[in-house]
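In the two complexes below, subunit A is the common chain; its partner is subunit B in one and subunit C in the other.
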Partner chain A sequence: MKLRQNHNTAGFSMGEMVVVVGITSALFAAAFASSISLQQSLAGVDDFFSTHLQQIRIIDYLSRDVKRSYSVTTSVDKLTVTCTIPNYVIQAGDSDAGVGNANVGKRRTPTITPTANGAVIDYGTGTSSVIYALNNQTITRTENGVLTTIAASTDSLVPETIDTELANTEYTSSTVTFMPKFHGHGNGNGQGQTDPSRTGTTVFAKAYLRNKRRG
Partner chain B sequence: MKINRHSETGSVILCAIAIIVIISLVAAGVLMNTTARYNATSKQVKAWKEALYAAEAGGDFGYVECRKASSAPGTQFTGGTWAVVSGAATPTWTLTTPATFGTNNSLSASVIVDQVFTDTNSNPFYRIRSVGNATVYGLKRVGMDDRMNATTRGDSLLRKIDFNYDHFIAAYGDGDGNNKQLLTVTTPKISRRIELIAAPVEPFEGFLKCLASFSGPGSAGVCDSYDSHNGAYYFCANNPADPHYLDSRNGSVSVNTPTFSQGGTIYGDVSTNGGNVTHSNSSITGTIDNNVSFTAPPVVQPVPPASNPYKPGSPATINPSSTATNSGTPDWYLYSVLDGVTINARTDASGNPIETYVTVVVTGNVGKITINKGVNARIYFAGSLSAKARDIVNNNVDGATGVKNADGTPSTNVSRAGHFQFMGITPTDGSTQVIDIAPPGNVWATFYAPSATFQLHGNPDIYGAITCNNFTGNGNTGFHFDKALRGTAGPPIDYRIASYVEDVR
Partner chain C sequence: MRMRFQGRYEDGFTLTELMTSVVLLAGFFGSVFELNTVCLRYVNASKENVAAIQGVQDRLEVLRSLAFTDLTSTSYMTTLLTTPSNSAALAQRAVETVKLSDYIAGSPSVTYTRAAGANVTPTISWSGGASFPSTTTLLRVNVRYDWTTTFAGRSRSEQTESLISAGIKK
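Presenting the complex of A and B:
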């Protein structure tokens, strides 16, 4: 009997397999690399906007407190801002808190005293102190000793504020920058304050002290 | 025959579905992130800022009415929906219908104004409380951007959004704990609350206010200040050890244009409106601001009250009536020209001068005039004033030594310059009023003439204060602002916002 030869056992040659495996590996590698890049890009963009929102928050906090301040001082390195703010709301322990703290939470009526240098509007005997400071990776706001973290990022958020006092007005100029995760090498190691990647993130605001108005 | 069946089933469709699912998940994640970010940046931040704009706009609504206290007293709080709040301890007004504005009326402001203080000259101070509301658009379900870390709350500490209920009214009621209630909001909103104090602007708050230009003093001249509560003027502005040193450095000059020219030292602040004054190109001890504008209202010819008409005659000597010892009932005189006139004070039984109040209206020019000790003369003039400094005689003394009040008590009206007030009536025909003072001599007086060109020749010293249009006085003169004029030099000419607080609860 003549055996029938089974011609269906044909497979791929070693060469074909090598080519196919090679191409497949390249495709998988490309897909994998693309996926990683996409993830990193998404994370980078998400991180960028997240930090940008924190920039806005820092500026908004600062502007709000500067506007209602009696005075503002900034440190030489521009990283610490101290606002002196009227005590508008009566707090427990204040001299006018009343019996059983009956007046706590009420708005204080100011004492007005005309003087040779103009009327003095005084909301109570003391003032509140609000200090903004950079503390490692966080920006903190401390009001009368109570610390609140208002921004936190690993992107080296740096708020800088300068205070300008003139004859009848005073204002602060604030900038907040950060170093995005994806950045160029700029003019050095990519961490300098003048690095283009950092300066490109600058958010700027100018806030006038409403209690020191012109004219 | 064997038929080979080639299976046509495969995994392509599964692969395609899997890829679509993966891409959809990625897209959904991106959308979730971007929506939250977009909501925060474009909607919530915007509304939070606009709520303050609305509150400050409401403050301006109130401020406009406060300013009418000096410019149009009878029309205060009468327009729009302003209404008097009945039963309040002090005069209080409110906008009964909150003002709406912004895109699609997304902003509104409600305002309440009360008279929080009245000074010794019966000038009211106003407190303006304004609440600004801004609609928060967008999807409220995405919430706020509070994802810094597990313990840090981010935006919600700063931007307090009322998604369903008004948190402020629920927690603080009207701000003082009254009428707390759970108030549903129809759309998400942000409210911000500010409180302003509007204080009167006095006619004289520094030595000089010029609406158009300033040139002076000469290279050897000075501009400084003193306080006549401490007695007569002496120069101490360069001596920090002097007890009155701090009172000597308020000889401020304000110009409402860029035109400012200076020779001698100004011991005080300087402001211009668009000028280029710096410490390096000037001799100014105080601060400099080149971005300050101001107004000085015109002077209209006054009319005496019907109960106190003009006294008759035009003598060379004025001897006021007994009622003139009350500042509320001064003697009124009407002249076409005032030149060579002496005004005497009332005296008590011992011959001591009594503070005596005289108002003179001059429809023409003013020349030589003498006021004796105790006289408070307010001279309104429509023409020009031209005289030598020695002929504008003010025989009062700083400190009011020897002068009594009508009730016999010693006078506390200490300012020598404050006893002699010149008011330049603003010409209605557009002509220029001129105040021209020549040497020799010195002048103790105040000049409020916002339409006048003030020319000071030579080296007379002026003690008091000046408001004018143009000022030229570049001789070696001394300009000495008497700080005691504050609060005594007449009714307010305007109002300013003197205090600003925000209720951040």
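Presenting the complex of A and C:
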């Protein structure tokens, strides 16, 4: 009997295998790297939107308090804003609370005195102090000693406010910036206030004091 | 002498097969990165929308605080509208339209149109008269931004409206 010779022993040479494995590895590496980059990019986009909402919320808070203030002062570094707000609502213990605190919860009616520089509005009682400040990564609002955290994040949110007082009115110009996850410019650590990646996120807002309005 | 293994290594991919695979790969990676690009453009579009909302609000905030005589003064308004409502880049890219009209009558009305730019004198268009009569004590104020988005070059607009009265406000 003659044994049948097996002709199916042909395979790939070492050279072919090396080339194929090399190309396949490169393709997988590219696919893997691009997949990770995409995930990071999508996470960055998601983070951008959520921080964007925080910016708007901060502006909303600040504008509301500025608009109802008697006066506003800002620190030199523009990071601390102090609002002096009249007590619009009668509270227990106030001189005008009435017998049995009958007037508690009611809104006060101001006296309005026209002057050459607009109206002077007086609610007749004490005032509340609201202070906005940036402490480390946290933006806080303190009203008569009661502290509320407005925003706390690792996005390095920075609110800056300038107060402008004119003869017959007063307003604040505020900006809120943050450091996006992806940034390719600036001083390397991305924390500089003039970093292009940061300035590109700026939200602007202007608020006039309602109690210092021209007639 | 006959070569051993003659023709064994002639098997391979044809140019068509190679081109097909390259095109498929390019299409795959292209679509993946296009998706990423669209995401980044959405960020840009979102920034523009927020800037527009803040822009019209800031303008209205200024108008609301004006003396009523200044609000109804064409020369004062022209000077005021020369500069954009705030420092955002979009405020200089958008076409800003401010329309003041007598409330409730709706007439007369004046429309200031500020073209895009850093320092632009607005055009003025009156309807139903050439000035507000002294009897006008309430104005409807409409502020509108129109701009072309960086996202696909679409036209977008944002507007806000309010009533502003004469007299001492609080």
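By definition in this document, the second predicted complex is superposed on the first by the 170 of 215 C-alpha atoms of A that agree within 3 Å, B and C clash if a C-alpha of one lies under 4 Å from a C-alpha of the other, contacts with A are read in each partner's own complex, and residues count from 1 in each chain.
Methods note: a contact is a pair of C-beta atoms (placed from the backbone, for glycine too) under 8 Å apart; a residue touches a chain by one contact, two chains touch by 3 or more.
Everything numeric here is computed off the predicted structure, so don't read it as measured data.
*Asks:* Touch check for A:Y171: first (subunit B), second (subunit C), both, or neither?
*Replies:* Touch status of A:Y171: second partner only.
*Asks:* Is A:V203 touching the first partner subunit B, the second partner subunit C, both, or neither of them?
*Replies:* So A:V203 only meets subunit C here.
*Asks:* Which of the two partners, first being subunit B and second being subunit C, lies in contact with A:T149: first, second, both, or neither?
*Replies:* After superposition on chain A, A:T149 lies in contact with subunit B alone.
*Asks:* I'd like to know which partner A:N211 touches here: subunit B for first, subunit C for second, both or neither.
*Replies:* both
*Asks:* In the overlay, answer first, second, both or neither for which of subunit B and subunit C A:P114 touches.
*Replies:* Once the two structures are laid over each other on A, A:P114 reaches both partners.
*Asks:* So, does A:D60 touch the first partner subunit B, the second partner subunit C, both, or neither?
*Replies:* First partner only, subunit B.
*Asks:* Which subunit A residues are contacted by subunit C in one complex and by subunit B in the other?
*Replies:* Correct list for subunit A: 38, 42, 49, 52, 56, 110, 112, 114, 118-119, 121, 168-169, 210-211, 213-215.
*Asks:* Quick one: in the complex, what on subunit B touches subunit A?
*Replies:* 4, 26, 29-30, 33-34, 37, 40-41, 45, 48-49, 116-117, 119-120, 125, 127, 145, 147-149, 151-152, 154-155, 157-159, 172, 175-177, 195, 197, 199, 205, 227, 247, 250, 252, 269-271, 286-289, 291-294, 483-484, 486-487, 496-505
*Asks:* Show which residues of subunit A lie in contact with subunit C when the two form their complex.
*Replies:* 10, 27, 30, 34, 37-38, 41-42, 45, 48-49, 52, 55-56, 59, 110, 112, 114, 118-119, 121, 168-169, 171, 173, 175, 200-208, 210-211, 213-215
*Asks:* For the complex, which residues does subunit A have touching subunit B?
*Replies:* By the definition above, subunit A touches subunit B via 8, 38, 42, 46, 49-50, 52-54, 56-57, 60-61, 64, 67-68, 86, 88-89, 105-107, 109-110, 112, 114-119, 121, 123, 148-153, 165-169, 210-211, 213-215.
*Asks:* Which bits of subunit C are touching subunit A when the two form their complex?
*Replies:* 8, 25, 29, 32-33, 35-36, 39-40, 42-43, 46-47, 50-51, 54-55, 57-58, 61-62, 64-68, 70, 85-88, 166-170
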